[in-house]
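In the two complexes below, chain A is the common chain; its partner is chain B in one and chain C in the other.
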Partner chain A sequence: MELRAYILRRLLLLIPVLFGITLFIFGITMLFSPIARASLYIRDVRQLQDLPAVIERYGLDHPFIVQYGTWLGQVLQGNLGWSKVASMPVWDAIWHFLPATLEIAIFATPLIILTGIFFGTTAAAHKDKPLDHGTRVAAILGWSLPSFWLGLVLIMIFYGFFRGFLPPGRLSIQMDILVNSAAFTRYTHINTIDAILNLNGPVLLDALRHVVLPVVTVSVINMAFIMRLMRSSMLEALGKGYILTARAKGLAERIVVNKHARRNALIPVITVSGYLFAALANGMVITETIFRYKGIGWWAWMAASNLDIPSVLGFAMFSAFIFVLVNLVVDILYTRVDPRVKLGEAVQ
Partner chain B sequence: MSKRLSKMGWIVLVALLSLVLVVWPACGGAPTEQEEEEEQGIPYKNDGMFVQMTIGEPETLDPAAGYDTTSGEAVLYVYEPLIYYKGELLGATPDEFTPLLAESWTWNEADLTWTFKIRKGVKFHEGGTLTPEDVEYSFERIMTQDRVGGPALLIDMPLVGVELYEDTTWAAVDASVEVSGDNVVFKVTNIAFKMIFLQTIANSWGVILDKEWCVANGDWDGTEADVKNHFQVEPNYLWTHMNGTGPWKLNQWEQGVQIKFEKNANYWGAPAPFDWVINQLAEEWTVRKEALLAGDADYVAVPRQYIHELDGISDLQVNKDMAGLLVFGFFMVMDINPTSPYIGSGKLDGNGIPGNFFTDKDVREGFREAFDYNTFINDIYYGEATQVGSPVIAGLVGFNPDAQKPVFDKAAAAEHFKKAWGGELWTKGFKFTMLYNSGNVMRKAACEILQKNLLSINSKFQAFVQPLSWGTGILPLIKTKDATVYIIGWQADTPHADNFVRPFMSTAGTFAQFQTYGNAELDAKINAALLEPDPAKQVQKYYELQQIFYDDCPGFMLAQPLNRRYFTKYIHGWYWNSMHTGEPGPLYYMSKSQS
Partner chain C sequence: MSDWRLMARQLARNPLSLMGIIIIVIFIIIAIFAPLIAPAPEGHLNPYMIPRDGYVATPQPPSQNHIFGTTEGQYDIFYGVIWGARSAFRVALVVISITLLVGITLGSLAGYFGGVLDEIIMRITDIFLAFPTLILAMAIVAAMGPSLRSVMIALTAVWWPSYARLIRGDILQVREEDYIEASRGLGASSGRVIVRHVLPNAIYPCLIMASLDIGAVVLSAAALSFLGLGVPEGYADWGQLTSFARNWMVGPPGNPFKYWYAVITPGAFILFFVLGWNLLGDAFRDILDPRLARR
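For the complex of A and B:
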């Protein structure tokens, strides 16, 4: 199937996906009474008497289909609503919070994938040897670590014990003032990328200092999964007949493993890696909160826990879009990695 | 066999090593944090800046909309009211205020008016000049926009005698604030509001806006015809933009992260002591603590359960035992919704409670005497709170230090329960659920103390404790009267006893209405106390109300907390005023230096 047509077809599938997701979420929120949903707009008991006015203003007691239709109508006009928890339009909130999440994801994803592939390959190549055992134990530990615990320990060590060496937040105060001044141009709001584009070394170093700990936290936990998957996949690949043939031909073990086995073993890892990036891009609530790296995950959590329905719906649509996009990229990558797979047949 | 043992041995060895690495620091194998801190000290950083880390951020930057303390704090950095509380004083008399945008103020007893002479030569941050018309506009704006859940009622009550704009008219609002040359004249509806009005406007809801700037950015144009276009409409431009006259101006609000204010170089008064004021949002306590100890923050919010983690750190200044105008109370709902899922069977059959369970005064008094106040104050507040007998708390005019206070007495509680419901309660028992807002250690502890004591008085007295989210869980349940009891905190809007008595005791009071407590006779007494012109007699009237609260027992007060504030040693000039409710305090009067 032609690539362009394939991409278009897959993107068009986004529409029913978005419709289904938003309908589902809207339906779930309707389980809350109008009073519960109106409570988003108050903070204090003294404001309780205003709830009937809130319900009336926002039509919270209208039938489900009317409320959904009203919301959908606004969305089709480009208005995703107002994010109460962010005090800005939902559309703006997505773009406001996304850069922080992407900054972590951009650094964490290759780290997770590359180290996971490396250690998984190594473990498989040294099956049942100490190196294999060691990586498996490390994988179990990494996977088992609660992210909030790991994050706090890292802060206590690298920020507390080492006197501010690796601080939380996205930038130091001085750099933050600089990047928000006329002397610095904001292109992406991803501080590391903007620093490079502005050719500003101090900002880049400061941004890197701040992103290290959240990236490490996220990577340690997720790396284990890739490591284990790669190991299993490599073991399967190393058991195939063509590997035996390669060895019989006298090829160096390094070439057998890295050139022949690993390439085939990468296929499931590519799939998972795509989902990994999508999951990271959808936010890491705990990591973002602990390290004051407020991204889209933090915003989504705040929205959900406060029943900020427009924000929840906006996040759901964003999330669906990311997953559809990532699925598409993964399917295209498949065809590059495995020539036997054709576009349109990838799902099979 | 030996090969398998070797594999297993490796795994066990690695696992043990990991365990030791994790557990060892917790066993005191490393130097304590205090020992480390005392060696290294808190470094001096961010010269010229005041950095604070707190757990909340403003809901809105519009002075007419924000009722929470965090919004109010942000507003008061940028905007200014006509007057403000002077030092530690609470505005009991007209000269207990500092002039800000008003140079002077005079009272006319015959007209019931306050006349404020507006300061000249004051510039707004965006360039406009302060005029009396701006003052008039600011007050009329807050009254006519009357944002849901906003602070407008505080201005409405003294000026137009009602709480809602819907209950008054434009003509009344317009007539309540008038420009007269260089002055602005406010007419209050009753002499009782003479000092209450001053106390009210010395706060974030009394600040002054630039009318031209507001109108230019789509806000109300100041006319009656345009009122309807802005009545309870939110959000608006001012929710996220600011243009005041204050010592700082808004630099950037990065929602969820921080809000930054920079010095106003054209401030009419003495220059601001800090070039930058930065409020950072940091929900995690460890992050805040480490930032304080690293010198990256000059002030952080310290939850009470963590105060001992900062004990003995020499480079911190700890200000404590400050009485605030804040009280927490436990209240019983007297007409619980019969379909409430928190009342079990809904009958007095040992498996639930009826909706009118708490209408029996013996039940309420039994609950009151089953609560261990000393344990609560000592365990939850570490002794840094006082017990009060009624909503009229220490620091308010009319507070009776000798007022009757509840006493923890299980025997007395048992006697009340034996009399309750004609003796049926004691034999049948009850089951119901008490809710508290999840994450709130204090409220959870209060519920659990009561739960435990009730059970020990009679094993059939089963009160379950359940957490729920405050905003989306408990608040709606209070409104629908599904909540059986609730624990509420009340922070003063003004340092006047009426501000505490009315919400808790008046029929239409903020809390009393949801309990269905109050009656016409009591309402009359409350109004009579407010309107009493003789100060000595007024105090006696409030003494009487305090006794009524104790006798009626619609609830009982848990504690009036004492406050703490933690700063690094580099911060100077801080002082406590219980009406300055936001954190950290009066920044304009503070400074930062290494000496």
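For the complex of A and C:
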């Protein structure tokens, strides 16, 4: 299939996905009575008498289809609604909180993939030796760790025991004032990258000190996942005929493992990177909440625990959008790595 | 059923899976005998609510009366983790059984009848699978209002599609077998063919996956509770007990680990519970995956 047609078809798939997810979440909010939903708009007991007016104004007692239609109409005009917890429009909130999440992701993603692949390969190359058992137990342990608990324990040690060495938050107060002053240009709002672009060492160091623990917390479980997958994929590749051929030719074991087996073993790992993204997104909510690292995940948690429905819907749509995009890239990448696979078949 | 006996023998021989089984059995015993291990005080109405010893915020260290100490708000940690085992199994069993029911029903309809019905059901599973589960569950709980019931509904909503997928794939295979053709030829109705002949031959992978998912369900439920989107305050739940420790991660100067018992204990229970299921699951995967057969 032609690449452009394929991309277009996959992007069109976004429409039913977004439609389904919003209809579903919107439908659940409709289980609340109009009065319960209207009370989300008021701040004060004295405003209780205004409830009927609020219901009237926002049409909260209209039939479901009408309310969903009104909301959808607004969305199509680019209005995602008002985020109560962020005190700004939902669309602005997404862009406001995204850089913090990206800051964790740009460190966590390479860490997860590289360490996962390295340990997975090593374990498979030493199958049933102590090294294999060791990494395997470590993987199962990492896979079972509740990441919220891991985060708390890490704070207890690296913030508590080592007196403030790796603090929660994104920046310390002085640095926060500095980056928001005229002396510092914010290109991306990703602190580490901005610090490098401004050639500012202290800010870079401070930003790194804040980002280490969130990166570790969000990475451990996913590292274990990639490691396990890489191990079984490597074992399968090592059993193939071409490995026997390579060994029979007298190639060094290192080359057989790293060149012949690993390249082929990587293919299944690439196909699950879409799943990896979903796991990372889940992890971000928990991690950012524990470390008060105010990114998209933190915002989503705030919205969910304060019944800020427009934010929850906006966040859900944004995640679905990114998720479909990531899977599209993964599928295209897959055909590049394995030329035998044609676009459109890659999903299986 | 010699397959099963063989599998059981393999599981018992592998030290890791044996450890998993032992951990799971210990938790089952704790859950069953919770009323004996940690009896509710007299006049306590709902045993799932953790008894409090006063209302002081600061956690208190282990003592004669509270052997694991008390957490924020003077909830007894020992009582909480013991009854927490019960709530963990309760959530897991409810979620898994409803999930199985929904997943198997929709999956078999899709797989057996094919065509438009298959297309519709599978596109719906696409929508659900195309989404980070915790985030969707969080959105559902937020929309329905935080409660244990919402958590169970949310987890069921995000979990059923993978079962529907799995059973559909197996049914597509079984459907083509000769004995299915034979029973249709004898004039059996579609419902009878599905329930009596197709399902019994396609259901095992689903049941195995379901039993191994118990750890994952409990972990997700704990994460939701930790985020404050789950059980009511004071309910015996490991995730909530962990979240009580959030303000007490760092002790006073000179004693940074002062409140360790409030942080470590509930989390360790979650870790071991999930670890038990994952150890078992890992061994299962090896046994079931012929490509990795140990020679």
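In the analysis below, the second predicted complex is superposed on the first by the 324 of 348 C-alpha atoms of A that agree within 3 Å, B and C clash if a C-alpha of one lies under 4 Å from a C-alpha of the other, contacts with A are read in each partner's own complex, and residues count from 1 in each chain.
Following the convention adopted for this analysis, a contact is a pair of C-beta atoms (placed from the backbone, for glycine too) under 8 Å apart; a residue touches a chain by one contact, two chains touch by 3 or more.
Keep in mind it's a predicted model, so treat the numbers as computed, not measured.
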Which superposed partner A:48 touches (first chain B, second chain C, both, neither): first
Chain B versus chain C as contact partner of A:65, first or second or both or neither: neither
First, second, both or neither for A:248, with chain B first and chain C second: neither
Which of chain B and chain C A:232 touches, first, second, both or neither: second
Chain B versus chain C as contact partner of A:159, first or second or both or neither: both
Chain B versus chain C as contact partner of A:298, first or second or both or neither: first
Which of chain B and chain C A:315 touches, first, second, both or neither: second
First, second, both or neither for A:15, with chain B first and chain C second: neither
Contacts of A:177 with chain B and chain C, given as first, second, both or neither: first
Shared chain A contacts, counted only where both chain B and chain C touch the same residue: 32, 137, 141, 152, 155-156, 159-161, 163, 289-290, 305, 307
Residue numbers on chain C that touch chain A, as the complex places them: 16, 123-124, 126-127, 130-136, 138-146, 215, 219, 222-223, 226-229, 239, 242-243, 245-246, 249-251, 253, 256-257, 260, 263-264, 266-267, 270-271, 274-275, 278-279, 282, 289, 291-292
Residues on chain A engaged by chain B in the complex (per definition of touch): 32-33, 35-51, 53-54, 57, 82, 86-88, 93, 96-97, 128, 130, 133-134, 137, 141, 152, 155-156, 159-161, 163-164, 167-170, 173-174, 176-177, 180, 289-292, 294, 298-299, 302, 305-307
Chain A partner contacts - residues on chain B that touch it in the complex: 7, 10-11, 14-15, 18, 33, 36, 40, 43, 46, 49, 51, 58-60, 67-68, 148-149, 232, 235, 239-240, 251-252, 254-258, 260, 276, 278, 280-284, 286-287, 290-291, 293-296, 469, 471-473, 475-476, 478-480, 486, 488, 503, 510-511, 513-514
Of chain A, residues touching chain C in the complex: 16-17, 20-21, 25, 28-29, 31-32, 136-137, 140-141, 143-149, 152-153, 155-156, 159-161, 163, 228, 232, 235-236, 239, 278-279, 281-282, 285-286, 289-290, 300-301, 303-305, 307, 309, 312-313, 315-316, 319-320, 323-324, 327
